[in-house]
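Read through the structures below before going on.
Across the two complexes that follow, subunit A remains constant while its partner is subunit B and subsequently subunit C.
Moving on, here comes the complex of A and B:
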């Protein structure tokens, strides 16, 4: 009697073909929007509908970076999100380590409480958050004006202000991303045996040497994963910069994209598509870099 | 020179006392093994010697110098961890040479010393590999290499063979002994495996509940256990402890009567035990099959384990069994009634408190 799975080869081939065909259709379906964005961005005459460009041009990109403030938007975004990611990685690295190693009774309640921040919708938090930041900003402004005078204080506030300043947005973005990153790092350090640090201690490593030469290399996959999540999530955030920033010179990419939509004259789909593509790219690149760490982190920690 | 001395050493975790006043001396070049069940404090004691755990009271002296407050890396002690703790991001050579690198030893000198150590441990061809690309035995050797490159006066081993399979464990046991002979450092080795302890140690320290139950050479422990804990922990299969009533029939001997009704007479123990309940210790190999008047008692066999070279016969109920170990392959089946003779010269007698009273 033949085993039930021993079908004849042509039948099995047919089934495989069917599976591949289905998967291909789904993939194409998912890829079309991205393809459309790319195609429209190099089309000098792009419209709402997908069309093959009559002539290929980089005019839209030139417009973004040369005629408009695209370079500034991109740099603002990279600076704000990059700094926030860096803060998240440092704090999550240190905090995750501490949370993993401590046996304090408040550990579990604390971990669940910070997760709550992640669960609450940002939109609901924005009003109290704005009030707090505004008060802090006013206080800071008063002090700075006292010390430096009106003009310089305005310039300084652009960087360290809590409202309409880089620092406020960076801190809020980092705060939003920190809980998940802390969880990732805490879980990651749970899989790193203490033996590594103790072996380094026996070898005569100082605290700094233990952190730099043992803990950071060991934690790199976890930090990569936590950093990636923080970067992608903060990069995609639109509401916070919209509420917290107003000066044109502080605008970030999502705000640039949003305002380009709202212009009174007809919508320029080529320009918007190019802008969208520029906005997409860093997230994809970040993913490409950190993918390896992601797999390592979520498939079981350090192997040694 | 490296003589380890512990004087009334104690350790608390909160209000829980885990090391309850340990006094110990390990001579220079000796291979001492701490053995005991899990939770007996053997690893904690080792970590206190290493400096990874503080000493709450008492003293740890190395060559007469107090070490309590000395940092782990300043004690001249190296440690091999149970998990090996090889840094996954460094090559084998970097792992072995890490301690020298931290001391800012010049690179060529590190390379020279690493190669010398690798030669001893047969790791030369793996020096550029990452630990992940090594087998369990090779990782173990790298961990040992990392310890011996420091030329330590004392090497501590924390259950180093527990991650290896049985065959490799036997091989590594022999390698560790050879290595210990070659480098001559004082070694302290922690294990829960009494076979490892018996085969490797110059001196075994049996720990139970944070205290030293007995310390002696392996064979002394085997033949002259101080108490029922050591008697049953050392030796495999374990020593049978049979509850008996002790009486003095007046012939200058003590009579031990088991609950099953059979009895044997033994010479008066020293120190003397009072009449009443006691425990008779008989190792499985000291129970012989016997017939007729030679036999001391008869019992029904519950379980037979035939290993070819020897046969284990379990006698009595499952809740209170005892075991006989008979040479060769004997054709006895469960349910058979068999006669046994007790080797009186090898009997142990323990008082009701578990302390040994009679040393055969």
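Moving on, here comes the complex of A and C:
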């Protein structure tokens, strides 16, 4: 224990009280910004300031889903982030397995590269990334227009386009979560003994059967951790949708919240707070599940 | 083909999709940014149609650009203030105090962890209310208790405020890592020190700190690179203002590239940020002797 068990009981109580006081201050500092969002979201006359609602109402939430496009934003977010998370889990599951089992010369360079990729800030990559996606998008657009004509091509691009289309955002979001997920899965498979696979191999199972029947069941906890972290990080991302999306139909929750806030003259704090809460909730739930994996993941870098 | 060989090809094959994605959206853009930074590439105007190679001109301009140096300084102060001091000190306090068997421990723990889950835009939005101007804003009301005059916090102390917000977001990260570090220190060491009559203060500075030094270093490196990458909540709060006071390098890159539409110049700034982060990454791998 860092704290000494002082022989003197009054001294010990004093230390205990000090601990409570310090932790209370830190906790209140952490919790206080949440109150406003919670209270304002159920307040009929919400303002920028923290106040006790005079009348409780769910009107703000109703407005998000009925009058404004909140349903679409939420579905867009769930679709984009959900698909990206799924891609990350599949690719990291396969890739992590390969990285754990291979004895090839490229194993160490590859792992070091992944570590270094993790430190590259997305903000610094965004400009060339935008150019790359723009070029790819223009190429794809030309091809699609050749085949389907102008109108249908635009509709298709909405889904498979790299700029202002679902596919581009999904792939980039997934890629940004991939290094950590690969690392988690590689570390995870390192702890799974090879005996199981070898037994399956003896029974004549193919690679795909081995993965489906043996490895996926064994890897579920690791995949859960990798998926949760990918989801939380992609869900909270603001820069990529800000740069890659412009159509209102594709707008996700962070953009909806940000743009609703920019309507300076008609800021409706109750609506914004409710929207912020809707956006916040899935992240908090996912974080609750991810809690027990936090330690391993953060220190994963050192212990390997 | 031998069995061994087939397995080794299969492993390569299932790693391939990850490699392709990482190459297309991270490695190639990182290399391409170096090329872009040597051109006058733009989003609009003549340069957009016909970008030219301009050599080191962007870097010369960068060197003489006070706004660039300002953004480096702001980023530096932001990292020192929030990651190195704010999050670390509060995280260390929390980690040490939460080792006691306190009854409210789970509650404290959850409350400290909560900000970590908040998406960036929501964080910015919550703090706009906290830091608003006027007597009725939350921070103004709290400090009024201590006789401090209310002010428009984001206008008067912009950098300090975003440091406070980022501290708020990251106490949990520091706490989690340092808790892991602390729990690796054995109880006997403390017992022995106490037998020898060491004071709590001596125990902390002579035993706890040195023994968790590697964890502290790991935390510093990890939090420094992740703090350099911060964009969302600061952009939502201040958009870099007022007058560049919170223009972190990430916001400067964004403003140059997507507000001023100068992709070439924005890339030059981005290359600087990439080099910095890579350097820290290499230190991280080498100093901590990461095992792979």
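In the analysis below, the second predicted complex is superposed on the first by the 248 of 304 C-alpha atoms of A that agree within 3 Å, B and C clash if a C-alpha of one lies under 4 Å from a C-alpha of the other, contacts with A are read in each partner's own complex, and residues count from 1 in each chain.
Keep this in mind: contacts are C-beta pairs under 8 Å (C-beta built on N, C-alpha and C of every residue); 3 or more make two chains touch, one makes a residue touch a chain.
Here the structure is a predicted model, which means the values were calculated and not measured.
For subunit A, the partner touching the most residues, choosing from subunit B and subunit C, is C.
Shared-chain residue A:217: touches subunit B; no touch with subunit C.
In the superposed pair of complexes, A:37 makes contact with subunit C only, with no contact to subunit B. Looking at the shared chain after the overlay, A:203 reaches subunit B, while subunit C stays out of its contact range. By the touch criterion defined above, A:73 lies against neither subunit B nor subunit C after alignment on the C-alpha atoms of chain A. Looking at the shared chain after the overlay, A:195 reaches subunit B, while subunit C stays out of its contact range. Legend: residue contacts after superposition of the two complexes on their common chain; A:162 is shown touching neither subunit B nor subunit C. Contacts of A:171 after superposition on the shared chain: subunit C is touched, whereas subunit B is not. Shared contact residues on subunit A (touching subunit B in one structure, subunit C in the other): 302-304. The residues of subunit A lying in touch with subunit B in their complex are 193, 195-196, 198-205, 209, 214, 217-218, 220, 302-304. Remark: subunit C residues 8, 10-12, 14-15, 17-19, 21-22, 24-30, 32-33, 36, 41, 90, 93-94, 96-100, 102, 104, 107-108, 111-123, 125-130, 132, 134, 136-138, 168, 171, 173, 176-177, 179-180, 182, 187, 190, 194, 200, 203-204, 208, 214-215, 218, 222, 225, 228-229, 231-232, 235-236, 249-250, 253-254, 257-258, 263, 266-267, 270-271, 273-274, 277-278, 280-282, 284-285, 288, 290-292 touch subunit A in the complex.
Those residues of subunit A lying in contact with subunit C across their complex are 1-4, 16, 19-20, 22-24, 26-34, 36-37, 40, 48-50, 91-92, 94-95, 97-99, 101-102, 104, 107-108, 111-112, 114-132, 171-172, 174-176, 178-179, 182, 207, 232, 235-239, 243, 254, 257-258, 261, 272, 276, 279-280, 283-284, 286-287, 291, 294-295, 298-299, 301-304. Those residues of subunit B lying in contact with subunit A across their complex are 50-52, 72-73, 77-79, 81-89, 98-99, 102-103, 131-132, 146, 150.
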